[in-house]
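Look for chain A in each of the two complexes below; its partner is chain B in the first and chain C in the second.
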Partner chain A sequence: MKISHYFWHILIIVFIIIAIYPILFAVSNSFKHLNDAFTSTINLIPNPFTFENYQRLHETIPLLKITLNTFVIASIITAFKIVTSFLAAYALTYFNFRFKKTTYFLLISTIFIPFTVTMIPNYLIISHFNLIDSVWGVILPQLADAIGIFMLTQAMRNIPKPLIEAAQIDNISTFNIMKDHVLPIVRPALTSTAIWFFILAWNDYVWPLLMLRSRDSYTLPLALQLFVSSEGGTNFTVAMALSVITMAIPLILYLIFQRYIINTFSSSGIK
Partner chain B sequence: MKKEYSLFLMSLIVILLAACGNGESDEVSAESEEKTKIEYWHVNAETQGGNTVDQLVEEFNAQSDTVEVVARYNPDMYAGLMSNMQAEVASGNSPAVVQVGWAFLDYFSENFEYVEPQEVIENYHEEDVTFLEDNFLPNILELGQNAEGTQVGIPYSLSNPILYINKDMLQEAGLDSEGPETWEEVREYSEAINKATGNYGVYIQEPADSWGQQAMVECNGASFIDDGKASFASDEGIEVFQYYQDLVNDELALHIGWDQGIQSFIDGNVGMLYTTIAQRNNIESNASFDVTTLQSPTWEGKEKRVPAGGAMLSITAQDEEEQAAAWEFMKYLYSVESIAEWTKGTGYVPPREGVSDSEEGLKSFLEENELMIPAIEQMDSMVPWASFPGDSGIEAEQKLLDMRDIILGGDVDVEETVSNTEEEINDLLE
Partner chain C sequence: MAKRYVSILLLTPALLLLTIFTVGPLVYTIYLSFFDWNLISPNKTFVGLENYAELFKDQTFRRIIGQTFLYIILFIVLNTGLTYVTAYVIAHLIKSNKGFYKVAIFTPSVISLVVGSMLFLWILNPVSGPVAIVLGWFGLSIPNWTVTEGMVIVILSLIVAWKVFGYNFIVLYSGIVGIPSEIIEAAKLDKISKFRIFTDIIIPMSSSTGFYILIMTIVQGLQYVFTPIRVVTQGGPNYYSSNLIYHSYHEAFDLFNTGISAASSVITLLIFMFLLAMQFIFVERNVYYEN
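Let's look at the complex of A and B:
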């Protein structure tokens, strides 16, 4: 009994270290001089401790603007994806219409089309609208996502039909059923999907790379590339400082909304 | 919980408003001017002169009444720029001025629409008709010509390989601090360094291209590519690879990746480093010993021939107004003052004449940065970077890298390996 108890704890600790080490590594190197980073790779404590990497970032790129761009893009994409997914999932679960199954099947099958296939057509359309190098060019093709529809449909199917039917008999409007009955139950699924969408959009690289031109419209993952070069050498410590900023913001957001997020997960189930 | 919901909604609204605000300000600035707007595509990361690009573009825009340039950075070097170009061209647009890496010269000229700079000058800027011949060495201009002799672009970022020396270590080994002039001497020096300090004598750069090896072969009077065919398996070529393998086998040369190789030199574990002048700033500011540079070694009694690294600027603007604007911008970039800034920011050598010896150019800069001088002095020995033509070019290049790894990996027969690789590449190219 006891031994297996310890065994699991040790195993968990090992996994925690494996998961957390790269993050500590990035944080520690972001406070090192470049020389120090190369000579004492294993040592996690910077000696001497320096802010020069962050200062360099601040001096060389419009950091605030870039962070704001990333935030705006990720937030709008997440908001739209969640709203469209929720409405579509509701319709596909509770409404009866012709070709419902076919529609659902077609929507879900778009999940299996790789991004590389739609990349060029999307580029042509956006270019036609003259939205290249704007935040909207990045956002527009990403306003809906079949994965969200799939996740929320699954969640809604778990709600007993009689609950909804009872509400319909009581003459409650569809909007109110959605708002008061379905939304609270699927909120955990909604939240986790939203977090996932946000992180995905936050870290997105290829599509923003194609869209965005000037530094003022860059996102954080694009800016990271500015410090990596095969011919001029890579400034690892500055790149680490930018990585730390890139991962810190979703982390801070998570900490702020943590209580709320955990609440929704624990309050699932039908009351 | 309600409260947090409304907080979330509020922040969303704020974001939306902020985003709309952005759009509006863009429109206003577009209306207030009637300059020709062109795009300049480059690959210069922050560590490679990115700030200098922005600074030059800003200065140009401030002084020009007719042209507005937007600079676009392309990650992943020249290959990355080429793939972005493909998307752009597919959508019916194109930037006005692009950087084309030497290794992509043939690929670019076969696949994209461009105009020869001289043609643009003659059509729209009569006054500059002799600009190119007045300001560039003929062998430098030739770097920008494709197999048919068309001037695809004008050399802009220019690098060549030099030998960096750890003076302290040479002294410790009792060696003449003048350093080696030939590859034969490089071996002698390496033996002495190894004996006296136990360190490696030399590291010859091993990135994902064969630039450094090409330099060694060309300096031995052989060529890498002759008339579109691989030709490195000549007696002279085999001699070079045999020499290289012996150096590594005798533990006189370090065999490791490029980043680590440079770092080993900086850490004082290797006495000499053969790599590009573009690394000067990195090495000079990080090494804690007395470092100096020498021109590329050649072989005893042979002429020096070093391949050019870097890129040229090509004009890809399609309509007349943009082409004229492209040259106005390029002329600004090639001015003595701009090239001087460019050299300081990137560590490349100036591609044109009249920069290193003039006051408004680099005269005082070079007095303080003597390490650059050997690279500038060997400019008349520069030859084009060998790039294999056609669709199989990239595969052929990979075979060369594999060959390097096999030879340096240990006891294979050099002559057999080199001849086989040459044969395989020529089969590919057919």
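Let's look at the complex of A and C:
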């Protein structure tokens, strides 16, 4: 009984080490001298400790501009998606209209459309409006995403319907019902959906790869790709510094909002 | 009635965006799959089903279909099978530290796959990476996996598994916790083995969550793995790490064969629509059983 008990804990701890080790590996090597990184690979504590990789990174690429691009793109995408998803989820939860079920089903079906099916036409649309290599070129096609509608509908279904119906009968305006009755209750789900949108957009790779050409308009994941080479290792520690910067914001957001995020995903299984 | 206009108004922004950037493009890609075009030329040549015929004649493409199914099998094993077991272990076989385990396991799910690809490229570097060094102590070594047929797909799937594991775990965990605990306690009292509890109680009673994760793992995994393929191997060696998603991208934006790319995308779409139909049928059938 006791032995099997420890066995399960050890198994889970092994999984956690696999999950967390790459993060420690990146942080550790980003503060090592290049030589140390190759001579004391196993040792996770940098000795001596150095900031030179971050400095060299700053000299090699327009780091501040790239971080700002990533932040602006992720923020705008989050803001638009959260508003449009909230409004659509509200209509699908609290209004009855013809073809409501069909509308919901079709919306959710779009989650099953692979990005390759839309990439060529979207590329043509963006290039038609001369938005290639611009912030809006990256943002616009990504605003079309039904996953938020799905997540928020799940959260709204948990609010007792009579509460909303009573308000509707009392002729309270839709805007006021949203503001006073729905918003306060779904705020945790709304927060974690927004954080999730931000993280997704921050990490996005495929669409920026197609849209962005000049280094000044790059996002962080795209810039990181410049440092990939399995052969020459001269940029290794600098690449680790950029990896740390790229994952820092999502990790911080996750650590602050972990309870919200985990609760929201817990209830996101299809029912 | 005014109420009806309100609901239409609320739905308009989302529907408009999805029409312009998802449904419209989908229709246009199907249209493009019947043409020979290079993305730039003003003329498209209608070729009927020629692009599809060409794809199925092409040996490389048949290999890519095969690799796609290999990826699917790996995703099912790593991101559904292994994740299911882990969720069961944390939900029922251990009692302490659950909160910490959940938070720790989910962590990689928020990290960019470009970062993940970069880190595993170095961690699994066959010469100087930490894994190679530790294996070296025991006289073992890692093959040069980025150029090794067969092995490359496994490692690229592991990189995706590293990211997706936490997300799938959280969803499956809540599915398992949703099973009334009396049933499991009773089974434990009857001295039914842990394995049988998992196969005979846990899996059937959380099957709609499990099936959802299974389907989403395939649909998203094939798209997620695009990033490690692009960053690490560009589909190589010899298309052995490519899949349908990567191939569509490669044909369109590396080779400018728009029609071939579109045809390959439509084939992917058909597979995904089949999975959607399965999901729909399965959930419809099981919803009563579980509630």
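One rule holds for everything that comes next: the second predicted complex is superposed on the first by the 222 of 271 C-alpha atoms of A that agree within 3 Å, B and C clash if a C-alpha of one lies under 4 Å from a C-alpha of the other, contacts with A are read in each partner's own complex, and residues count from 1 in each chain.
In this text, contacts are C-beta pairs under 8 Å (C-beta built on N, C-alpha and C of every residue); 3 or more make two chains touch, one makes a residue touch a chain.
On a predicted model such as this, the values are computed, not experimentally measured, just so you know.
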item: Chain C versus chain B, contacts on chain A by residue; value: C
item: Which superposed partner A:Asn53 touches (first chain B, second chain C, both, neither); value: neither
item: Touching partner for A:Ile18 - first (chain B), second (chain C), both, neither; value: second
item: Touched partner set for A:Thr191, first chain B, second chain C, both or neither; value: neither
item: Which of chain B and chain C A:Ala144 touches, first, second, both or neither; value: second
item: Which superposed partner A:Asn35 touches (first chain B, second chain C, both, neither); value: first
item: Touched partner set for A:Ser75, first chain B, second chain C, both or neither; value: first
item: Contacts of A:Thr153 with chain B and chain C, given as first, second, both or neither; value: neither
item: Chain B versus chain C as contact partner of A:Ile120, first or second or both or neither; value: both
item: Touching partner for A:Thr237 - first (chain B), second (chain C), both, neither; value: neither
item: Intersection of the chain A residues that touch chain B with those that touch chain C; value: 38, 119-120, 209-210, 222, 225, 227-228, 230, 233
item: In the complex, chain A residues that touch chain B; value: 34-35, 38-39, 60-61, 68, 71-72, 75-76, 79, 119-120, 123-124, 127-128, 133-136, 209-210, 213-215, 222, 225-235, 238, 257, 260, 263
item: Chain A residues within the chain C interface of the complex; value: 4-5, 8-9, 11-12, 15-16, 18-23, 25-26, 29, 38, 41-42, 83-85, 87-88, 90-92, 95, 97, 103, 107, 109-122, 125, 140-141, 143-144, 146, 149, 174, 199, 202-203, 205-206, 209-210, 220-222, 224-225, 227-228, 230, 233, 236, 239-240, 243, 246-247, 250-251, 253-254, 258, 261-262, 265-271
item: Touch list for chain B against partner chain A, complex; value: 1, 4, 8, 11-12, 15-16, 18-19, 22-23, 26, 39, 43-51, 54, 70-73, 75-77, 84, 87, 90-93, 159, 207-208, 258-259, 262-263, 266-267, 276, 278-279, 282, 286, 309, 346-347
item: Contact footprint of chain A on chain C as seen in their complex; value: 3-4, 6-8, 10-11, 13-15, 17-18, 20-26, 28-29, 32, 39, 86, 89-90, 93-94, 97, 101-108, 110-123, 125, 128-130, 133-134, 146, 162, 165-167, 170-171, 173-175, 208-209, 212-213, 219, 222-223, 226-227, 230-232, 244-245, 248-249, 252-253, 258, 261-262, 264-266, 268-269, 272-273, 275-276, 279, 283, 287
